[in-house]
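Okay, structure first, notes after.
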Amino acid sequence: MAKIVTLGEIMLRLSPKGNDRFVQAEQFRIIPGGGEANVAVSVANYGHDAYFVSKLPKHEIGQIAVNALRRYGVNTQYIARGGDRVGLYYAETGAAMRPSKVIYDRAHSSIAEADASDFDFDAIMEGADWFHWSGITPAISDKAAGITKLACEAAKRHGVTVSVDLNYRKKLWTSEKAISVMRSLMQYVDVCIGNEEDAHMCLGFKPDADVEGGKTDAAGYYNIFKGMMKEFGFKYVVSTLRESFSASHNGWKALIYDGNDFYESKRYDIEPIIDRVGGGDSFSGGLIHGLLTKKTQGEALEFAVAASALKHTIPGDFNQVSVEEVESLAGGNTNGRVQR
Amino acid sequence: MAKIVTLGEIMLRLSPKGNDRFVQAEQFRIIPGGGEANVAVSVANYGHDAYFVSKLPKHEIGQIAVNALRRYGVNTQYIARGGDRVGLYYAETGAAMRPSKVIYDRAHSSIAEADASDFDFDAIMEGADWFHWSGITPAISDKAAGITKLACEAAKRHGVTVSVDLNYRKKLWTSEKAISVMRSLMQYVDVCIGNEEDAHMCLGFKPDADVEGGKTDAAGYYNIFKGMMKEFGFKYVVSTLRESFSASHNGWKALIYDGNDFYESKRYDIEPIIDRVGGGDSFSGGLIHGLLTKKTQGEALEFAVAASALKHTIPGDFNQVSVEEVESLAGGNTNGRVQR
Amino acid sequence: MAKIVTLGEIMLRLSPKGNDRFVQAEQFRIIPGGGEANVAVSVANYGHDAYFVSKLPKHEIGQIAVNALRRYGVNTQYIARGGDRVGLYYAETGAAMRPSKVIYDRAHSSIAEADASDFDFDAIMEGADWFHWSGITPAISDKAAGITKLACEAAKRHGVTVSVDLNYRKKLWTSEKAISVMRSLMQYVDVCIGNEEDAHMCLGFKPDADVEGGKTDAAGYYNIFKGMMKEFGFKYVVSTLRESFSASHNGWKALIYDGNDFYESKRYDIEPIIDRVGGGDSFSGGLIHGLLTKKTQGEALEFAVAASALKHTIPGDFNQVSVEEVESLAGGNTNGRVQR
Amino acid sequence: MAKIVTLGEIMLRLSPKGNDRFVQAEQFRIIPGGGEANVAVSVANYGHDAYFVSKLPKHEIGQIAVNALRRYGVNTQYIARGGDRVGLYYAETGAAMRPSKVIYDRAHSSIAEADASDFDFDAIMEGADWFHWSGITPAISDKAAGITKLACEAAKRHGVTVSVDLNYRKKLWTSEKAISVMRSLMQYVDVCIGNEEDAHMCLGFKPDADVEGGKTDAAGYYNIFKGMMKEFGFKYVVSTLRESFSASHNGWKALIYDGNDFYESKRYDIEPIIDRVGGGDSFSGGLIHGLLTKKTQGEALEFAVAASALKHTIPGDFNQVSVEEVESLAGGNTNGRVQR
Amino acid sequence: MAKIVTLGEIMLRLSPKGNDRFVQAEQFRIIPGGGEANVAVSVANYGHDAYFVSKLPKHEIGQIAVNALRRYGVNTQYIARGGDRVGLYYAETGAAMRPSKVIYDRAHSSIAEADASDFDFDAIMEGADWFHWSGITPAISDKAAGITKLACEAAKRHGVTVSVDLNYRKKLWTSEKAISVMRSLMQYVDVCIGNEEDAHMCLGFKPDADVEGGKTDAAGYYNIFKGMMKEFGFKYVVSTLRESFSASHNGWKALIYDGNDFYESKRYDIEPIIDRVGGGDSFSGGLIHGLLTKKTQGEALEFAVAASALKHTIPGDFNQVSVEEVESLAGGNTNGRVQR
Amino acid sequence: MAKIVTLGEIMLRLSPKGNDRFVQAEQFRIIPGGGEANVAVSVANYGHDAYFVSKLPKHEIGQIAVNALRRYGVNTQYIARGGDRVGLYYAETGAAMRPSKVIYDRAHSSIAEADASDFDFDAIMEGADWFHWSGITPAISDKAAGITKLACEAAKRHGVTVSVDLNYRKKLWTSEKAISVMRSLMQYVDVCIGNEEDAHMCLGFKPDADVEGGKTDAAGYYNIFKGMMKEFGFKYVVSTLRESFSASHNGWKALIYDGNDFYESKRYDIEPIIDRVGGGDSFSGGLIHGLLTKKTQGEALEFAVAASALKHTIPGDFNQVSVEEVESLAGGNTNGRVQR
């Protein structure tokens, strides 16, 4: 079992029930989540020692977030306590041609206003095998970007493998700002995950394919992957390829490149989608487990894609699946018969 | 923004949760709705000054209905208060080959027993731009039919455009009764909405196509539309064309005719359907907005069809969508990607 | 109306809400169910005098199970009261490629530890028209197997038609044990229901087709059916044929053989599936009603298949449908239009 | 165990959750109830063969009411099916100085419009030991009053003991009307239950005490009881005596008179009150059981008062208590320690 | 009916269900509320034209707050739309000796960052009869304090009566800051509501009584009231007097002074308390109605105290009571009998 | 912060909502709990390193119990995984004179069938400061009694303080069996907690006072305490003294004796009681914290009593309170004012 560290923000997702719209809501389900926290829960479910690094208020709402991580086996000892707010996001669940909708209320959260002194990254990275972060973390605030850099540096000092999910979020920063910050952080990265939009907006690589339009010709990614590999010297470049037919029906596969070979995974037809939020994070979590435990990049990728396909059927941000369940699906068992 | 008046009944829909059958219910969700009230909420959501005219008891159950309208921005000042009952309907939600089922308990409601003296239609129609009613309103009772006629006359006196959704309901009246009442009211109507069954049962126009069987060849409607136009001098005749594959999967498009040209809309494939009740009303609401604000009957129709396609994904009778959301869908954005 | 007796266990199914996984659950819905109890409710809904024979504790949790049966019209006078436990099973509902999952907690239940003296089968079978049991009942315990035999013997003494649903459950017994018990009970059986896996594991008939792989070529069943008929002298051999595309989408049809002719039913495409548990039991219930009231084995089978197709759209183990609803579907009305 | 027949209306109570007011409601809990139905459930819980006689629609909402009775062991074979409506009442739960509030919507229910031909009272009373009705039943409609008379006559023909709970309801009839109907029915009554207001409004006996003001001096009832006994020749006259301190806190005791002796029960201090609706009915149910099984009127009354005290702690109209639980309380065990 | 304007913040209260603590929460009930919004709903329930002035984001979460006000009849036309956040507060409900707990998350809300240019107070105060604000509004931010001053000035220009609820909140500002701001605003105030702590912390009047300790000797307020009256020339000085026995049990009364006479209201013993939040606001709402419609300060005060006593029995911030209900309680009807 | 080890069973409590009786339940809330697990959560909330030792099945229902402990900060590394069942208990919540009721379904649970080889008690007790168990643990099964003995021996080897809560449960064993097992375990115990009934049934000390009758004269305990101290050489003997007025209202205090002095705590009047289950465990948890951190036995006892008084106001078995909250109450702050 590996020690896997993630750094980022855990928020509370507040959602109306079922497919209700926001204005119909009388109550919100409380769903903890956030890119890197989701990855931490994924790898904890696969049996790893997962550590989530962040900052949360001392009060009980902060404790709700801590407890959610502990409940699912994530070690919370490196979470600093202080500041005023737990970041929130409101999300309603779409269906058919109505998209799901997210409204963020995460500004001024404890992690956005955290200080470098809140974390001792040498202690955190001591003995770690893997460090994962996403493009959301440095986007939260300049302070958070600085903390991300400190974490990366410490990871490298301690020989920890570093993965990033580029994860461009236009509500948090502009492409210009993203490029200026993210490019300088790529030197620490071993495994780079991101689709064409991310590569374009975070790193400045111009896409060949019209991803928004649902085209997912894997070949369109070859040149970008090669370019990224050449410039930043990653061990792996990886991307998911989503076909969005509707809010309830997607195609899902992925592509990995190790500088020599491209491997394209099986494609899953996911219908109905129960909860698409966290789909990318479940892929990252599966990929980390795959690269840590599988013999080939292909096997690792198949694990990651199957894991994230399953995530689409599970309510909430966290991917609540076991290694056995993922491998059963990756092994071809897609018939959905009742397991008694 | 236009002043839009609708006249009819608002009921409380009582529904078991999820796909439970009636006999499994331990609680009912309270869902306010009714043909014309649904239209009022639709156009209020598009920014218009919507007025709903009806009668409701003075007690708190009547107030629940009033408050539901106010909550969603409908002006309730013309709702008379008195009488004994709020009309109810029980509805369970089907799935796949099991149809949704509705049991009405609306007899003796306040609006069914309302008197002409409850309403001052000259005051109501003063300054109004549009008046909408449906075939349900005169079907409720003879008194309600008389009130509908008074409203139509006042609308004409004040130069208000009048639309009707024929909406034949076999539980409320026979075709014979419907024809005798509805034909005499068509003189006041500018925009007539109704499918082939409605045209047949309410106006006596014999259908060419087997709508029940799911055939929706638009061409089959041409002759009926021409006949209706010829006889009643409507500005527009309009119909939705629903393909019912199952309770969870429908095709959806519409047809409009201005006496010169037929325009057939895009077709939407709706799967899964979250709530089909109110689908026709959301079409009427979209059409009113479209005809008030768009340059062509085609653009108006596309707005109406997109609006009602979205309605099928929203729980409850009311169509909780904005102009921007409808136009995004009408503009071709059907991929359902999460809106962050 | 016939007097129909069933013998077996009624359990409480405890399920998280919606598609939540077990580890996300904060509450469990209480869903009464069990193979033969489900059949009893089905035939009670078709208007028959249904009697369920079992044993339940005297305490209030036992009473919950009794009340659930009474609520849906099943006569509970032959349910012995005593023992310690109501059998439980935990079930989570899958979606798309994620299967539903069942965890049993039924050991040591009152019926598993019941004694022959708890039941007076001559009184129970007096005046009965039909006796149904499934392979689950003798699998519960050796005592339960003995009780099943006593019930079968009494049924034969009283000229009661006997049906069995082979229903092999690998968590309850091995194939060897099942074969030794079940083969000896086949002498009492008139109508034998079971798919290829059941025939193989319970009776030792080797399958021709790969049912797990979703192949459902009816012809593959011909030889097995003939063999079963030859060896045990059944009046009818029957099997459902399920195509498992995913947890949310199945194909569904059935096959019956009376020793002379094979009849293959219409095929239903079920999507989405609301609750697959109890699907087989609803088929048995429909078949009993069909064989009791229809003129041909084909009509009986069509009723059974339509009934069980509807079951897949209804939450819970019990099939809450009326004769009229089943016949409407069997008659071809699959469009799912709202019934007002 | 006795055969006990009750005649009346079962309604669905629709209630917001907790202490919410009507206008805050988003859902209604469905709570079956009605004076005589409540009595039927009470005596079924005490092990008697309880029959409830009424009329309910054939549709599924009618079935909800039938199933509620079956669930709790009441025989529903004498319930006629037909008519349009299940009577409803909306109820919100008060607290402290805010009273609970009930809004009736029961006009035009199936039982209100039932016909004498719907019931064969000779078959119903055959073998019966007790017949109970309340003043609500004849108040529903003139037809219902006629049916009540027929039932009473049949009861007398078959030697059945008859009890009445006078239960004056000012929303259903005037005192004048009540007196004209009820006085003529008293000739059939053996056991008359009713407080001072009931005696005044239904029978014309002028009260001595200010019940509304919470005065419950038992002595104030002596003269009325004697007068009622003298005029109508009852075997027992009985009244509960409620002290209303607030919606959450009541005192509760009762008085019985057999023509010779008055017996005043223990007094219970009930705080908090969970649900006061059905309190009187639970008293009637307890009294019937007490008079059928106890040696003295005092013991019978103590059983009835303890039963109804417990009812105030149970949500819903039905008194879900066993003989053992009532006798434990009547025996003095009021400490409320957890029963493990 | 009077036009009554209030200015302040409406927040969403997020609460676990029942008496759950925050860390047990899986969902939050959404409860709209805020001091002045609560007053607006109160007076709307009494039939007045209530206007709430504030600023809320344009997005759907802002719309939830707008809709909550519209639902209960408050005019929202003067609510500016813009900014980023709806203020939130988390609240758990205590019981017995466990206090309820509130965690604020209201910083950076739209109204806290609103600009004077968002409001046209001359238009708002035109035709108004009453303007109410509380000490919370200027405490939100310096900008909000400036806006409060502009509103007060406009009110005075238009001859509008001004009331303030001092409502000191130590989480929002220090006593020093409060005194410097609030004293300068008192020149606009006609009716000053506030207990001893408020008078001390907001205005610098040193208390005589130990309010925290539950002493509520009205005489202890006489000197403070006289001093306030003398310094600021109020028409009325008013205070509630709460006895806190536990989270579930309070005593409640109030005191008013018009410069000549002191009037002390009846005292209510409130047990159990359902929701104490908004108790003071319901008092202010009742007082405004009382002073507008009653002949004496005593009658006005009795209305206000009865209104707020009822509030303690109603879930949520808003006081959902009618004039009739308040007057029934004020008139002495405290027995809590079911209103049928 | 101390390392505190507890040994026992964690069950899932299944409860109907609110005050519903079992037979009214449609769903069960899942409430994790068990005597020693409750103590572990209590001391984790006070900041200690709490370890819970038990055995749970590997499946997801076992995981639910593990996750509940992790969520609230209890270390679960010493929980063995295996066996078949998670112990269950059904509980309904009483009110006023209706007691809460518990039905156990815990036989055959994993811990009841656990083997000594499942635990390495030397590793577990290494570095521990405190070991707590209750009389329930050895009562579960003979194997569990053996394991308890091994744990006690290891605790003594490692110099760990041992406390026991005698906690006699008549459903699990007879007094004879309890005495034979428990007396032999007292040699390992430093702190003995138990009321008179426990001392009588588990240790054979005959009570002087009628505890069941609600008499709680502390003096009645003096002789028993002295006798226990003399025979077993405890450091402290402690008992809670509960006055049961009703299911909703209790008096609560405690007594401690160190061989020299008796100290009787303050008395709390608890009304209303939200959840009484776990009240004794919260006392034990508070006492452990108190004895570890306070200077005198009196201060320790006051902490324990205040902690357990608060528990009665919190839903669920676990006492979700902080040191600050307990000390605020112990310090005299009982007024229940809202904490903002």
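Assorted remarks:
When the chains are written out, they are named A, B, C, D, E and F in that same order, and each has its own residue count from 1.
By definition in this document, a contact is a pair of C-beta atoms (placed from the backbone, for glycine too) under 8 Å apart; a residue touches a chain by one contact, two chains touch by 3 or more.
Labels paired with UniProt names: A, B, C, D, E, F = 2-dehydro-3-deoxygluconokinase.
The structure presented is a predicted model; accordingly, all values stated were derived computationally and were not measured.
Under the touch definition stated at the top, chain D and chain E share these contacting partners: B, F. Set against the Cα centre of chain A, the chain with the most distant centre is D. Here the spacing of chain A and chain D, counted between their Cα centres, is 62 Å.
We define each chain's centre as the mean of its Cα atoms; on that basis chain D and chain F are separated by 44 Å. Chain F has residues 18, 21, 23, 26, 67, 72, 101, 272 in contact with two or more other chains.
In summary, the structure contains touching chain pairs A-B, A-C, A-E, A-F, B-C, B-D, B-E, C-D, C-F, D-E, D-F, E-F.
Residues 14, 21-23, 25-30, 59-61, 63-64, 67, 84-86, 88, 90, 92, 101, 103, 105, 107-108 of chain A touch chain E in their complex. Across the complex, chain D is touched by residues 18-21, 23-24, 94-102, 104, 169-171, 212-214, 244-249, 272, 276-277 of chain F. Against chain D, the residues of chain E that register as touching in their complex are 18, 72, 268, 270-274, 309-310, 312-316, 320, 325, 329, 334-340.
On the chain B side of its complex with chain E, the touching residues are 67-68, 70-73.
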